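Got a structure for you, written out below as structure tokens; questions coming shortly.
Letters A, B, C, D and E name the chains as they come in the text, with residue numbers starting at 1 for each one.
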Amino acid sequence: MIPLIFNGSAAGIQLACTLLVMRMQPNSEFAGEPMAAGSVPTAIELSEASVTFGRGARAVPALSKTTLRIADGEFVALVGPSGCGKSTILRLVSGLARPTTGVVIVGGREVAARAMRVGMAFQNPTMLPWMTIEKNIMLPLKIVEPFRSQFRRLRKTEFRDKANALLEQVGLKGFGGRYPWQLSGGMLQRANLCRALIHEPRMLLLDEPFGALDQFTREELWGILQQLWMTHKPTVLLVTHDLREAGFLASRICVMSARPGRILDDSSVAFARPRTVAMTFEPDFVALNQKLRAFIVDARTAAREGA
Amino acid sequence: MIPLIFNGSAAGIQLACTLLVMRMQPNSEFAGEPMAAGSVPTAIELSEASVTFGRGARAVPALSKTTLRIADGEFVALVGPSGCGKSTILRLVSGLARPTTGVVIVGGREVAARAMRVGMAFQNPTMLPWMTIEKNIMLPLKIVEPFRSQFRRLRKTEFRDKANALLEQVGLKGFGGRYPWQLSGGMLQRANLCRALIHEPRMLLLDEPFGALDQFTREELWGILQQLWMTHKPTVLLVTHDLREAGFLASRICVMSARPGRILDDSSVAFARPRTVAMTFEPDFVALNQKLRAFIVDARTAAREGA
Amino acid sequence: RAEDTTIKFTLGWKTQGSDAAFFYAKDNGYFKEEGLNVVIDQGEGSGATVTRIMSGAYDAGFGDVNAIIQNASTRPQDAPVMVYMMWNQPPFAIVAKNASGIKTIKDFEGHTLGGAQGTPTTRLLPVFVHKNGLDGEKIKVSNMAPNLQEPMLIKGDIDAALVFNITSYFNLVLNRQDPDKDFKWFSFGDYGLDLYSNGVMVSRKLIASNPKAVAGLVRAINKGAIAVAKDQNAAMKAALNYDNLINVDVEKRRLQYSFEKLIVSPEMKDIGVGDVKDERMARAIGFIVEGYQLTRTPTPAEVFSREFLPPRAERELVYTAN
Amino acid sequence: MPVSDIRQKVWSGALIVLFFVAWELFCLMTGMSDLVLPRPSQIFVTLFEKFPILWPHIVQTLVTTMIGFVLGVALGVALGAVIGVSKTAYDTCYPLLVGFSSIPKVAVVPIFVLWFGSGTVPAVLTSLSICFFPIVVNIATGLATTEPELEDVLKALGASKLDILWNVGLPRTMPFFFASLKVAISYAFVGAVLSETVASNRGIGNVMMTASSNFNVPLVFAGLFVLAGLGVALYVLFSLIEGQVTGWATRKDNVIAT
Amino acid sequence: MPVSDIRQKVWSGALIVLFFVAWELFCLMTGMSDLVLPRPSQIFVTLFEKFPILWPHIVQTLVTTMIGFVLGVALGVALGAVIGVSKTAYDTCYPLLVGFSSIPKVAVVPIFVLWFGSGTVPAVLTSLSICFFPIVVNIATGLATTEPELEDVLKALGASKLDILWNVGLPRTMPFFFASLKVAISYAFVGAVLSETVASNRGIGNVMMTASSNFNVPLVFAGLFVLAGLGVALYVLFSLIEGQVTGWATRKDNVIAT
């Protein structure tokens, strides 16, 4: 009984906006920082970052000299073959991993993504099994300032309402009190998305957040995410396998090569916002899709021949 | 460096066939069983099976009086909104769960799927973390007869070769010696598929086996799976969110309603085999897709209004 | 020649010099001569010797006659029988630190005495108090393990300790004290509690099934005791042979102490080593019955049997320190 | 299914009773002397008769044990957390702790007594020092084997090590923490009684010591039964808490094939 | 990073040495009598001097302990598996086991002695009976908390309960099994020594008892050091095996932020 349905109108989206009450945050992290080359400050910058797992004979190069620059408030999609290092890039940005060589700068500082309030949706929705879904979702509020200090005080009920409102939006109304293992794969993934959003992050790192969902639930959530982005302009880095999804949501799409990954292509997506599902069937959109497809096919062939 | 590439030709598929050396197995389980209504024996039969999790106020009805009959050697795809009970159906068939009411008959016997050699790919690719990928994949050979008795004898190397051949096919050559946590999400899913196939099961239960894969790897694997099915005709029950995937692979597509799930529509797919990726862009195919889409949209709207 | 009879023999405690008679008898083949194979194990306390024999785990042992009296009262059928009274003087004593100001037994009132639960000294304190007209209410007793008594006495946590003199004397020596100069000893024997103490006891089962073995055992031990009284250096060799961990200097002195204070007495010179005087034994039984509040008074014959003792002439012990 | 739950409990209760019946029969049939192993019926009778005398001793031992246990748990959790988190602490503390644990506490009690006098303090210390090690080991192992994926959830939020410990490490370790509590509470009793045996004027250890030198074996066993009973009572208490706290870890699907 | 690994080990070694230096200094500064707490240097000297005499006792205790330990581990694993798998066994055995563990083994040793005579047999039994409980608890908890998802992998293949136990339950429990071994080996030594103290003519327990009744405190401590050393040696041995077997559980990503 998914309560929201995305039907091209803005009805669902409006609900989304009223529920996801995000206070606008002045981007204080950048006050006083030297400006990047462009007029918009840089949120994420990877310079020749490589990651190699393991050592010696068993070393797996996961990422090879990747350079990527994402401006503050950009919505970038990352596509590429399985195992090419997309998740690794997200881990670099979130500070969970460090580059073997090269530099990763996030929010103006090296390594630490902590300078910014980051929301991360992991590819595998790891919910803490001893907590109900609601508590799992409220976890960021328990950790991240300024919510943290408010958590112990009166605002607990308020926070719980917020979690439940989010859950309702993604079609999980009434499941807040359940434990993770009582949810289906797709439901867990939606809860995972809620956890990434609840603390109103300035930066969103989404690793295939809609992979286990059916087309319709997925499109519904596209709409919500787009609206969220348009309202608050967080920096978003989205990993996806769905080229339509990338086209619908992103302002820029980066195509990665097979492992060890590099950025092969970096195209802007010009379609006007708000985009609708109907648009994804239009010729321009299909053409973009085809162009990206061709890119990936080439890359794969190249990788095979190179190997 | 995914070694196989699916490009519409049958090259990859032929490789698949030579590697997946499956000996034809006379369908001995059915010898002497009374024949079902049709001329082909019934492999799976759910009669008014419902599943409710939990008790009392917290009860979650997951499946409501579902009736489904799958003939031996059929390839059925199951599509439906997230949380509607698809995985639950697979658990019923594999004997991991029992219906709260109703009957589940598999291989002519109630409850136990053990009567048949079943290969199951779980939605969440749970690899045992203390085993390398290779050992994980060989697990069914350690458990299931007749391999089990051969396992301790000379055939261990043979089995290892078999596992590595399968891994190579899905593009994981050289990863057999790694541990599960050293693989990316998509790589794990491919390993998961290998584990479902290695013991040449008579029945395949696949829960979104390609969900975390990019379009190209996915299409490649479609080809392999189709070829496998055409050669050995196992009974396949495939859960997927991708209507193109369902159309490409299945002989029959069942659409489920929102939770608690029921089968809403049951359509045959008539396209000739072997199907190609190119076919999925043809108008007939797109029309089938649209028809299914419409069905699901209707079901969702109905579910919402009913609620 | 027939198989030797195996006798499992338990000591009263860990290896001590005062046990030398047994080791000497074993080393010099006295047991062998009697057709016995005696296996000597270390013990857990001279009272526990009785339990060990009663349960059937041991056939014989070196232990406290007062524990026999206690058990003979409640389980006359099971209690072992003393067949050779080694220590005819009681080792039960109270040792007080001079610094505590205790000069006479009257001074115990208002002081704290440290006692090891269950040891005869501690258990018989009420009889001691009663016999000497002291006020038991005013004497405080604190329980502790035996080997803590001397350290706590030295440290001043207690003012006097309820001890076995043969143990405590050397414990004080080992704690680098002068037991004669800095401590005052009150022996129970000097204050109206004229008890017997440790000797060789055997199970009733052994007496019934193999009286010859019992007689042989006693004969061999008697020989050992008389030999050891003459030559303590040879005795220590035998002890060292049994347990190479012992402190030879101290154990030799302990052995000598046992002769001087516990074995050699006018009574022994009169009736020979190993025997008892029945009227004194009856009196001793009376003390125990009173002290332990026993319901039945065993006869001396239930407790001690002189049936297996060698003739008086063979039990002439002459102690010469060397 | 509460009915089958009750049947379950009744069944287990019956098995426990059976254990004592078997013991009773064994003693009767082998004609075992009550000096060696008294019959349960004798023990229970003694226990019942002597209960008024035993009561203050029971209270003493229980209080001592609980103080030692609580301190031991606190110490165990703290040390376990340090060892589980830091590799250097692991390499340093483990050998020392294993070494310390391999030492019979009987040998350590006299030292405590000489330092702190006889009575409650050494009993508490012995109890503490004997019961904290299982907790250390399980907490440390639980923390060291916590799946990095779970920790990543918090790390990505910029959580401090303490946050991670508190929100992931410790909850994850709860089932094994409770497991170690079962060991710890039994050993806490052992420790307290041990110390009472060595130097104390009160407590069950003292009673048992006296009884044993009196050859009153049934009373010794009555003391043992009291100890066992206290241990079980606390075990039941912890089990109830455990059920609340670690239910997530022992979940079995409601609908499951056999 | 082998260099940092070595530095790590050196650092831990230094801390352990520091511990003994601190002890030495503490004794020197407080003028502690060696009758209460000897200095480590005295203990090591005694140990060195008496080593030839101690050697057969060390062997005796080590052999006894190892037999008791091996039997204890076997019993612990078997019982733990039963308790972890069956709810009835859980409800029945746990109270009995907790009760039994709450009983000081000192009180049980005399019974063993009365049944089996003094010497090796009671020592093995005491060692066994004291060391199996931590293993039972951890195996049982490990099995009870095994994620149903992992078991499902085998269940779907129609695996028997034994297959599941062997391929999922036990491997999953390995980290906690090794954790419990650390506790068990220490307690196995304690048990053997305890029994030797009460009833044996050989073994370190006997040595310590003799030494302590002679107030040869440095020798008592030398015995304690030997025990601690043996415990640590076995701990190191198990650690090596543990590293091989449970590496998967303590994995930390090679590339990780602090």
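Simple rule for what comes next: a contact is a pair of C-beta atoms (placed from the backbone, for glycine too) under 8 Å apart; a residue touches a chain by one contact, two chains touch by 3 or more.
This structure is a prediction, so every number in the text was calculated from the model and none was measured.
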| item | value |
| --- | --- |
| Steps needed, at minimum, to go from chain B to chain E via contacts | 1 |
| Chain pair whose interface holds the most contacting C-beta pairs | D-E |
| Most distant chain from chain B by Cα centroid | C |
| For chain A paired with chain B, centre-to-centre distance based on mean C-alpha positions, whole Å | 29 |
| Averaged-CA centre spacing for the pair chain E and chain A, given as whole angstrom | 49 |
| Inter-centroid spacing, chain E versus chain D (mean Cα positions, whole Å) | 16 |
| Length of the line joining the C-alpha centres of chain C and chain D, rounded to whole Å | 40 |
| Shared interface positions of chain A, touching two or more other chains | 53-54, 95-96, 112, 124, 181 |
| Contacts with 2+ other chains: residues of chain C | 51, 55-56, 147, 151 |
| Interface hub residues of chain E, defined as touching at least two other chains | 36, 114-115, 148, 155, 212, 246, 249, 251, 253, 256-257 |
| Parts of chain A lying in touch with chain B, wherever the complex brings them together | 1-3, 5, 53-54, 58, 60, 79-83, 87, 123-124, 171, 177-178, 182-187, 189-190, 207-208, 211-218, 241-243, 258-259, 293, 296-297, 300-301, 303-304, 307 |
| Complex contacts: residues of chain E adjacent to chain B | 147, 149-150, 152-159, 163, 167-168, 171-172, 174, 246, 248-249, 251 |
| Chain B to chain E touching residues, read off their complex | 94-96, 112-114, 118, 120, 122, 124, 126, 128-131, 139-140, 142-144, 179, 181, 195, 199, 205 |
| Residues of chain C touching chain E in the complex | 8, 10, 13-15, 40-42, 44, 48, 51-52, 55-57, 147, 150-151, 171, 174-176, 243-247, 250 |
| Parts of chain D lying in touch with chain E, wherever the complex brings them together | 8-9, 11-12, 15-16, 19, 36-37, 87-88, 91-92, 94-96, 98-107, 111, 114-115, 133-134, 137-138, 140-141, 144-145, 148, 155, 175-176, 178-180, 182-183, 185-187, 189-190, 193-194, 197, 205, 208, 212, 220, 223-224, 227-232, 235-236, 239, 246, 249-253, 256-257 |
